[in-house]
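The two complexes that follow have chain A in common; it is paired with chain B in the first and with chain C in the second.
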Partner chain A sequence: MQIAIASGKGGTGKTSLAVSLFLANADRSRLLDCDVEEPNCHLFLKTRFVSRSSVERRIPLLNPDLCKHCGKCVEACQFNALAEAGKAGILVFEELCHSCGGCSLVCPTGALQETPLKMGAITRALVAEKAELITGALAIGHTETPTLIRAVKKKQPDPEVEFTLIDAPPGTACAFATAVEHADFVLLVAEETPFGLHDLKLTLKALQKKGLPFAVILNRMRPGFSSVQEFCKEKNYPLWLQIPESRDIAGTYARGGTLLDAMPELQESLRLLLDKCAEELLCNRRN
Partner chain B sequence: MQPEELVIISGKGGTGKTSITAALAECFPSKVLADCDVDAADLFLVLKVTETQIAEFQSGHVAEIDPEKCHHCGHCATLCRFEAIVSSKKGYEVDARACEGCKVCVNACPHHAIEWKEAFCGLWKESQTTQGTLFHASLYPGAENSGKLVSFVREKTRKKAVDEGIPLVLVDGPPGIGCPVIASVTGASIILVVTEPTPSGYHDLERVLVLAKHFQVPTYILINKADLETSYHKKMEDCAAKFGATVIGQLPYSPLFSKAQQKGQSVLTAFPTSPEAETLRSIAALLKQKMKMS
Partner chain C sequence: MKIAFSTSGNTLESLLDTRFGRCSQFLILDTETKDYEILENTQNLNSVQGAGIQSAQTVLKTGAEALVTGHCGPKAFKVLHAAGIAIYLAENRPIHDLAEAFAAGKLALLTDADVEGHW
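This part shows the complex of A and B:
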């Protein structure tokens, strides 16, 4: 089953939880780092590099000898990526191009052929010689976050693994939506602050629109703060794990450690957490 | 006169961008604010806002197949590169969330069965706050085109500053390095990167500095939660130097930011005499110098 670890607000502890879940379940899970703008899971894992492949998109390349300056391509492009520039002919602005292929389709003379442009890379690595980490990294200056996330999710070579964990990007926009799409269950990492509550509510709206089942993992619990807990209680949302605010945990993380390093006693809970996701999935299917 | 445009970004999320933006806002007497983190906008939570204008934002278009006219030839599905045309028992349909708005299918349909409809991706808002005018937005959950909404909010903010002769535009940016970040940074005259001394913070700092360098805008770095792990400071300074940026200051790992949030205030209003507030004032003074503001 696919389990997405998502948050809305950035910095709530998504990556830390994803990596810890992965380590505690190394015998039965793989981890996809779909936070492709800032992929960080590998920083907290001892990995052995296996392979890397680049992900390309196609952009138009003008052959000036064939171009008759009819302007049909400029008219067809919805993203202002092509412009007529007098004697210079047609100019292509590759950073505005969405790679839809519309311009080549309408060109009557075949003057616009498509050429590949690298937009990111996907790296495969192994942790403890068995558990697989797949990381998508967007090339800097590129904007095709959802396309790259889709490519990472398609790279699934080993169907025997019981759990595929997805570290999703922050926010509630298309990147987040693409990462959680087709997930069987979503673990929402929230933090116990007013910003955390506000962004949790936004994320819940996005998930409920898709009808995805979820549970909340509450991070940074501290005396005097309870708005997220109260909200979950009032709405009857499942709260599966509560992690205290602690300088020790933050310090461990700063030194490259995981939540599991800071709180080894969580090992068993993190295994049970995935079992619980599987149970929920079974229950949902029965209903 | 062109206003200075200070854009605050971070790469990694949760480093304290919004709390720091709210605090810095109080150090500049005259400015227009923009919250460009349109899919998780939190700045309004610490500014006491009254919305004065709210409207839907048209982000582009989306294709829609008219089932009456569709001959089920599947030509549109073959051409679509965004997996937005799905076939079901009912025939072909457009998945509006996946539709990129490229119009390829509309132009190519031999039966003219695909309509081209306006698409809306969220709301934009103008609000009055304790710190002057704020332009912000809320993206519809899961929506595309957050970059366009960010550009729109940025443009509104800039226009207000130009029209009213306001010297500063202060922008709370989104995390990451993608589309909305690029839209936020476009037009910036100075960038402040808020980072933290953790493996993720450092890794993302490097990526965000490469992006900032691309824009050739003077870039400064504020290390938040600096006392968590001091071994990063040298590395961050070296990284900054490599990309022509400068570390401008440090803030400690402090509970005061969350406490101020809980009061719905910035740390400067909530704890005006704290060392954190003092540091933020001196960082604002340095930024003023860099922008040559009096």
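This part shows the complex of A and C:
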């Protein structure tokens, strides 16, 4: 099953949780780093590089000899990626192109041919020689985040494992939506701050629109602060794990360590967490 | 010749709008007859991306040979330059002032984009 680890606000502990979940379940899980604008799961893992493949998108290439300057492509483009510049003919702005292929479709002379442009790469690596980490990284200057996230998620599982963990990008926009798309379950990491609660609410709105089942993981829990807990209680949302605010966790993280390094006692809870996700999936299917 | 001015007003007393891609309209002035017309750019005001490119094409279609605006980004510059339209930068002064300055050769000709995209 696919489990996405998401949050609205950045820096709530998505990667911390994802990496530790992955390590605690190394025998039965794979981790996809879908925060492709700045993937960082690998920083916390001892990995052995396996392979790297490019991800391409298609952009129109103009053959000026065939172009009759009819302007149909400019009219068809919904993204202003093509322009008619008088006697200079048609100009292509590839950075604005969304690779829809519309321009080459409407071109009556075949002057626009779709050609591949490298937009990023996917890296496969192994942790402890068995657990697979797949990392998507967008090339500098490229902005087509959802396209690359889809490519990462499409990578065929090898070998087949029980749980595919997805470290999602922050926010509630396209990148987040693509990362949680088709997930069987979403673990929402929220931090106990006013900003954390605000963004949790935004993320919940987005998830509920998609009808995705979820549970909340509370991070940076501090005595005297309980706004997220109260919110979950009031709405009857499942709150599955609470991680305390701790200088030790922060220090370990800063040295490249994981939540599990700082709190080895979490091992069992992190295994149970995935079992719980599987149970929820079964219950949902039965219903 | 025809000159295009980016503006938010409807007359020669109106001020120049220093934005190019997302200005609300263009005033196209015929320097010989002193006739002018207003061309709306509202579609571009709300376009998600490529507003400068669209505006450049709008100016191009009017047959203007010169454009007076406040700033010009790289993509708009590329289109205007390729189409052979001269770009002059000015401050938000009344258009009739700028038309005189243009006639007197007092406006600065732009040779490359003066601001980044999405400025």
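Everything below uses one rule, namely that the second predicted complex is superposed on the first by the 286 of 287 C-alpha atoms of A that agree within 3 Å, B and C clash if a C-alpha of one lies under 4 Å from a C-alpha of the other, contacts with A are read in each partner's own complex, and residues count from 1 in each chain.
To be clear about the criterion, a residue touches a chain if its C-beta (ideal position, glycine included) is under 8 Å from a C-beta of that chain, and two chains touch if they have at least 3 such contacts.
As the structure is a computational prediction, the values presented were derived from the model and not from experiment.
Participant: Is A:V74 in contact with chain B, with chain C, with both, or with neither (first, second, both, neither)?
Facilitator: Only chain C is touched by A:V74; chain B is not.
Participant: Is A:V50 in contact with chain B, with chain C, with both, or with neither (first, second, both, neither)?
Facilitator: Neither partner.
Participant: Which partner does A:T15 contact after superposing on A: first (chain B), second (chain C), both, neither?
Facilitator: After superposing on A, A:T15 lies in contact with chain B but is clear of chain C.
Participant: Using the superposition on chain A described above, determine whether A:E84 touches chain B (first), chain C (second), both, or neither.
Facilitator: The answer is second: A:E84 touches chain C but not chain B.
Participant: By residue count, is chain A touched more by chain B or by chain C?
Facilitator: Of chain B and chain C, the partner in contact with more residues of chain A is B.
Participant: Which partner does A:F93 reach: the first (chain B), the second (chain C), both, or neither?
Facilitator: In the superposed model, A:F93 contacts chain C only, not chain B.
Participant: Pick one for A:E37: touches chain B only (first), chain C only (second), both, or neither.
Facilitator: Touch partner of A:E37: chain B, not chain C.
Participant: Where on chain A do the contacts from chain B and from chain C line up?
Facilitator: In the superposed arrangement, which is not itself an observed complex, chain A uses residues 79 for both chain B and chain C.
Participant: Residue numbers of chain A touching chain C in their complex, please.
Facilitator: 74, 79-81, 83-88, 91, 93, 96
Participant: In their complex, what parts of chain A are in touch with chain B?
Facilitator: Residues of chain A touching chain B: 8-12, 15, 37-38, 40, 43-44, 76, 78-79, 98-102, 105-106, 138, 140-143, 145, 150, 169-177, 191, 193-195, 198-199, 202-203, 205-206, 209-210, 220, 222, 224-225, 247, 250-251, 253-256.
Participant: Given the complex with chain A, which residues does chain B contribute to the contact?
Facilitator: Residues of chain B touching chain A: 10-15, 18, 37-40, 42, 45, 60-61, 79, 81-83, 97, 100-104, 107-108, 138-139, 141-147, 174-182, 196-200, 203-204, 207, 210-211, 214, 225, 228-229, 232, 253, 255, 258, 261-262, 264.
Participant: Flag every residue of chain C that touches chain A in the complex, lowest number first.
Facilitator: 47-51, 53-54, 56-57, 60, 75, 78-80, 82-84
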